[in-house]
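Look at the two complexes coming up: subunit A is in both, with subunit B in one and subunit C in the other.
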Partner chain A sequence: MADVVEDEEKWLAAGVAGLQQNAFYMHRALDSNNLRDALKYSAQMLSELRTSKLSPHKYYALYMRAFDELRKLEMFFKEEARRGCSIIDLYELVQHAGNILPRLYLLCTVGSVYIKSKEAPAKDVLKDLVEMCRGIQHPVRGLFLRSYLAQVSRDKLPDIGSEYEGDADTVMDAVEFVLQNFTEMNKLWVRMQHQGPAREKEKREKERSELRDLVGKNLHVLGQIEGVDLEMYKDVVLPRVLEQVVNCKDELAQYYLMDCIIQVFPDEYHLQTLDVLLGACPQLQPTVDIKTVLSRLMERLSNYAASSIDALPEFLQVEAFSKLNNAIGKVIEAQVDMPVLGVITLYSSLLTFTLHVHPDRLDYADQVLGACVKKLSGKEKLEDSKATKQIVSLLSAPLEKYNDIVIALKLSNYPCIMEYLDSETNKVMATVIIQSIMKNKTRISAADKVEALFELIKGLIKDLDGTVHDEVDEDDFKEEQNSVARLIQMLYNDDVEEMFKIICTVRKHILTGGPKRLPFTIPPLVFSSLKLVRQLQGQDENPFGEEESTTPKKIFQLLNQTVETLSNVPAPELALRLYLQCAEAANDCDLEPVAYEFFTQAYILYEEEISDSRAQVTAIHLIIGTLQRMHVFGVENRDTLTHKATGYSAKLLKKPDQCRAVYVCSHLFWVDDQENIKDGERVLLCLKRALRIANAAQQMANAARGSTGSVTLFVEILNKYLYFFEKGNPQITVAAVQSLIELITTEMQSDSSTPDPAADAFLASTLRYIEFQKQKGGAIGEKYDSIKV
Partner chain B sequence: MPSRRRTLLKVIILGDSGVGKTSLMNQYVNKKFSNQYKATIGADFLTKEVQFEDRLFTLQIWDTAGQERFQSLGVAFYRGADCCVLVYDVNSMKSFDNLNNWREEFLIQASPSDPENFPFVVLGNKIDVDGGNSRVVSEKKARAWCASKGNIPYFETSAKEGINVEEAFQCIAKNALKTGEEEEIYLPDTIDVGTSSQPRSTGCEC
Partner chain C sequence: MQEVHDYFKSLCPDLHVTRGEYDEDSRYPENKTLTIGQFKLGICHGHQVIPWGDLDSLAMLQRQLDVDILVTGHTHQFKAYKHEGGVVINPGSATGAYSSFTYDVNPSFVLMDIDGLRVVVYVYELIDGEVKVDKIDFKKTATTRSAH
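This part shows the complex of A and B:
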């Protein structure tokens, strides 16, 4: 392979050298106005183009050098003509060149000057030239020669408004000339594949592909001819070009030329000739990549529609959508072996097209999706990763267009397509949907929409097709479920009845999620429900008490069942927190039995399910905190609950934990803003009990380490004493406070005590506080004054 | 050696698809503009006579395809260019960002003898669109880029309205003319190489 390249470089270098040498003598001849020598050397120079050893790229390099030299010759011819030399004679003269290829290059060069001189009608000269070029049947040489002709005649076509315009129908002459050159070039190009040994087919195809622009250039020239109006395009240009494309039966040519037609002619023309253009598609070879061709056509037309609103009526008038839709159907039918990817790509482009051109026609979009479903049905789930990617982009298109999932939810075929995604991709798509909702803050406020939405994103809501993928990355899973949680929080409607329906719908779906998902999805549902409760709380109870109307009681009932599902996970700590949240909400609704029920549930969990000691500590503090805030309970219920709470506290595993829980329980008996809960005696009992436990803790530490433990617990209890002292609890006397302080100081001074700077500082600042309160004066100051530190 | 007076100036127009290369050329050469988009395939040129300091020159203006798939034969026609025009659309950031690629690609492929000083001209086209409201590349930004690449002359144009097109091409012609790009001097083997007419070295003179 490397040898071939090297050889080629050598051939090119030799060609260039030969060319330069002859060019040199040609220049000399030009400088001395020696026409005969100029022709001689230029012909020799052009002989270098007779090589068959170069690939198209290299040949092009050589050709360009010859091309540049010919410009000088052309200028010389012009000067000659100006000096009175007959251009007709020149035209005759160059035909004496011995070799046909140089002869034709020279002829084209003189021909261009000939036309410019206007001594003969452009059309005659052009016709002559394009006919004569038939003399070269070697594909590469012929293609370059003809592209030379195309180039030198480029600005001399008898187009309307051109200085070479003749009397009548001259645009037609220009068109005929270009069409003829195009046809001949295409034939050369197509024939090339049949030449040479079969084993070099691949190389040949590559070379043909490199040459394609020489052929396509003609179409560009046609597109630039001003006189080619819609009518002429429709009647002459398009049919003639398509005839050539269809009849050449060559895959490469057909694919490339269709692409060219679409790109070089204006959009208006395409719209007005859609039937013809699309009609050619099923006639192409079955291997032609029509999907790309059509996709590009639709992309172009979409851009056109986007670029000017004036274009829209045109699209409607020619029924562009239904024509494209039909054409795609036919192509898919004709190309039985078209892979799914191709099908989806086509429909994606059509969808993009209709979303751009007919944003108001959701039925069109749905129709496209429906056609897709039809094509996909009967097939297993998609395995082809490119195809699934394409489906994701297909499904994302409406979201991106409307920025509103609610519109996509109206597309009945949307969920059907999602069925064909494997579960991984299904999840990706579901995530895309949720992100769209988040980004656009879409309000989804009706239960049936929520139902449809959850149907769409079910890949995230439950395990599909019964398989549990344990290879799923833990972080990814969390991320997914968190996004579902955020989504649940976003569903909202002011209307209580509708909101309740939404909650029930969400609940129905998330309960299918299994133990791994529930801990993520239950909390947002619970809080949504509680939000609804609070909303109702503000309203008066419906005096007519309609049976089916939503009441806090009804919601609490549902909540109770909802939280209960966590027991299967199990997630007792989370469930306990949620029960307590519910209890607090019930409290605010003055529903004592309901609140009591929630507490009971929390207690059962605490007793039966929470066994880890750290978890117990956290739980007991939550329980105490919540219970402290409850005001709905009557004496009896409250007693039962506080009794249990203090019981739990005293039974915690570690002494310090016990001690702290017990002194916190003191708050259950003395609540600032509740007149009936001011039981000083029981407060004192709690604190004394805490002191005893602190003592025991101290002794245990002593036994274990031979020194006393920290006095921190005592200082903490002292602070509780001070709190209740200040609040006016009669049981907390000056003497009690005083003796506690003394106790602590003695402890700290004992030889066996372990130095603990934190505890020292804590005590110091507590004492400073006492000092500070004394300074304050007034009732408080007086109170504190009696404490001697 | 008799020296032929240079009268042909070769100019290459590069830039992304749709920025208006063909439209600019058509406006300049034919004084015509069309709203329709017709992609260019391959490369070809139009010529225009220009008067400059009492001399007549032929500008050979090469229009190229911005779409890569329509440039299948490569860029052999860059050879011998006297000036390179880089066009972007002031309403498209991407087309501006790509100027760098176009410039570098040109320097690699055309390999001019003095790349540092090879004349480029930058055109920011379509300034008429939407009364300038959809513009995304500011003049300042464009000028800064031009300054950073060795003070490339810059014009804001509209091929549609014919704004600055004439001026831009005047400047293009002027720069093409003063470029150091001389034609390769070729001496055939059979001729004695005198000391006075050494082939010009392509590198620096030291």
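This part shows the complex of A and C:
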């Protein structure tokens, strides 16, 4: 292969050298006004173009040099004509050149001057030239020759308003000329396909590709002729071009030229000739990538519709949608082996078109999706990643257009298409949908819409058949589930009945999610439900309300069952927290039995499921904190729960944790805003118990490590003493406070105590606090007055 | 949650987090202290301080941590409370999340501008779709503390 290239380089170099040498002599002849010699040398120069040895790419290099030289020759001819030399004679003279190729190049060159001189109508000269060029049937040489003709005639066509416009109908002549040149060039181009041995087919196609713009240029010229209006395009240009395209039966040419037509001529023309254009499609070779052609056509038309609203009525008038839809159907029918990717690409383009041109016609969009479903049915789930990407693009289009999932949900075929996605892509699509909702802050407020939505995104909600959870990346999984959780927060309706329906619908779906998903999806559902409870509280009680209507009690029942499902995960810590939240909400609704039930569940979890010591510490604090705020409990219930809580506190593993939990329990016996919960004695009992535990902790530390450890716990308890002292608990006396202060000070100064700067600072700030309170004066000041620091 | 953590980090790489009652990540401490300029700050979510939201109990924690400013949360209610020992700030909930403490959770957050012995607290609240900003000034008196 390298040899051939090397040889080609050599031949090209030789060709260029020959060309340059003759050009040199030609110039000399021109300078001395020697027409005969000029013609002789120019013919010799042009002979280099008679070579068969060069590839199109290299031939082009040679051709360009010849082209440049011919410009100078042309200028000389022009001068000659101006000086009175007969152009007709010149036209005759150059035909004496020995070989046909140089003869024709020279003829075209003179012809250019001839037309400019206006001694003959442009159409006559052009007709003569285009027919004479038939003399060259070699594809590459012929193509370049005709290309030369096209180039020199470009500005001399008898167009409307041009200086070469003769009598009426001359535009027709211009068109005829270009069409003929085009037709001949295409024939030459196609002929290249069949030259040479079969094994070099690929090489030939590559070479043909390099030449395609030579052929296409003619269409560009046609597009730019002023006189070619819609009528002429419809009646003459398009039919003739299509005739050639169809009849040449060449895949390469057909694909290129169809695309050329679409890109070159105006969109309004395409709209008005849609039938004809689309009618050609099934007539093309089956191997032509017609789907790309159609897609590009639809893309152009979509952009046209998007950029100019005035054009929209035209689309309706020519029934563009149904024509395109039918055409696509026919193509798919004809090309039985078209891969799924092709089908979906076509429908994707049609859908984009529909969304641009007929945004209000959801039925059209649904039709397109339906056609897609039909084509996909009977096949298995897609495995081709390009095809699935295309489907995602197809399904994303309505989302992006309408920015509202509710509209997309109206497309009945939308979920059907998702059925054909593999589970991975299903999840991708589901994520796209959720992101669209987030971005547009779409409010989905009807339970049936929520149902449809959760059906659509079921890839995220549960394990679809055959998927194994282990394959999923942990972080990705978390992100997915968090996005579902966020989605749940966005579902809302002011109407309480509808909202309850929504909650039930969501619950139904997320309960199919399995143990790995529930910890993510249950909490937002619970909080949505609690918000609904508040909404109900805000409304006036309806004494005439139906049996079926939603009440807080009903919601709490549902909540109980919902939180219970976390036991399957298992997630006892989360469940405990949620039970306590529900208890507080029940408290606000004055539903004592309900609140008690939630506490019971929480306690059971604490006793049976939470065994990690740190988890226990946090859990007991949550229990105490919640219980402290309850006002709905009667004495008995409250006592039971409090007794248990203090019991748990005393049984925590580490002594410091015990101490803290116990002194915190003191708050259970003294609630500021509830007059009947101010049991000074029980408060003191708690604090004393805490002190005992703190002491025991000290002794243990002494025994185990030889030093008594930190006095921090004592300082904490002191602070609690002060708290209740200030609140007016009669059991907390000045003496008690005083002796505790002394105890602490003694401990700190003792030899066996570990120095602890934090504890020191704590004591210092506590004593400062006492000082501040003394300074306050009034009742507080009096109280604190007797405490000596 | 990793996403939220990363988002905060993108706002400011110097991020301090303490554990909330729903945080499963045990990396986060129960409370934290740090010094910024002349101020010592303490951070604690607050579900550990009972009664929840009780300013006297929070003041106790403040004394224990020995900080000028205590930043706390849990109730989702904005509060800024000054007492002789310092300042307690609850910035409320940035997302307006459900709270058993209040039925009206307006999303809010706080920016503190610490300059020398002065801190200006800017509180941003989203009320009925509008952002309202309020400003509170605190000056630290340079009280001499007994040396230890």
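Keep in mind that, in the parts below, the second predicted complex is superposed on the first by the 780 of 789 C-alpha atoms of A that agree within 3 Å, B and C clash if a C-alpha of one lies under 4 Å from a C-alpha of the other, contacts with A are read in each partner's own complex, and residues count from 1 in each chain.
As a convention for this text, a residue touches a chain if its C-beta (ideal position, glycine included) is under 8 Å from a C-beta of that chain, and two chains touch if they have at least 3 such contacts.
Not measured: the values here are computed from a predicted model.
Shared-chain residue A:Glu268: touches subunit B; no touch with subunit C.
In the superposition on chain A, A:Arg154 makes contact with subunit B only, while subunit C stays out of contact range.
When the shared chain is aligned, subunit B comes close enough to touch A:His57, but subunit C does not.
In the superposition on chain A, A:Glu479 contacts subunit C only, with no contact to subunit B. Shared-chain residue A:Gly18: touches no atom of subunit B or subunit C. When the two structures are aligned on the shared chain, A:Gln628 is found in touch with subunit C, with no touch to subunit B. Once the two complexes are laid over each other on the shared chain, residue contacts for A:Tyr723 go to subunit C alone; subunit B is not touched. The residues of subunit A lying in touch with subunit C in their complex are 475, 478-479, 482, 523, 527, 530-531, 534, 574, 577, 581, 584-585, 588, 614, 618, 621-622, 624-625, 628-629, 664, 667, 671, 712, 715-716, 719-720, 723, 726, 757-758, 760-762, 764-766, 768-769, 772. Here subunit A touches subunit B in the complex through residues 20-21, 23-25, 27-28, 30-31, 56-57, 60-61, 63-65, 68, 71-72, 75, 150-151, 154-155, 209-214, 216-217, 219-220, 223-224, 226, 259-260, 263-268, going by the rule given at the top.
Subunit B makes touch with subunit A in their complex at residues 2, 4, 7-8, 32, 34, 36-42, 44-47, 58, 60, 65, 67, 69-74, 76-77, 79-80, 184, 186-189. On the subunit C side of its complex with subunit A, the touching residues are 1-3, 21-22, 26, 47-48, 50-52, 56-57, 59-60, 63-64, 66, 84-85, 97-98, 100, 103, 145-146, 148.
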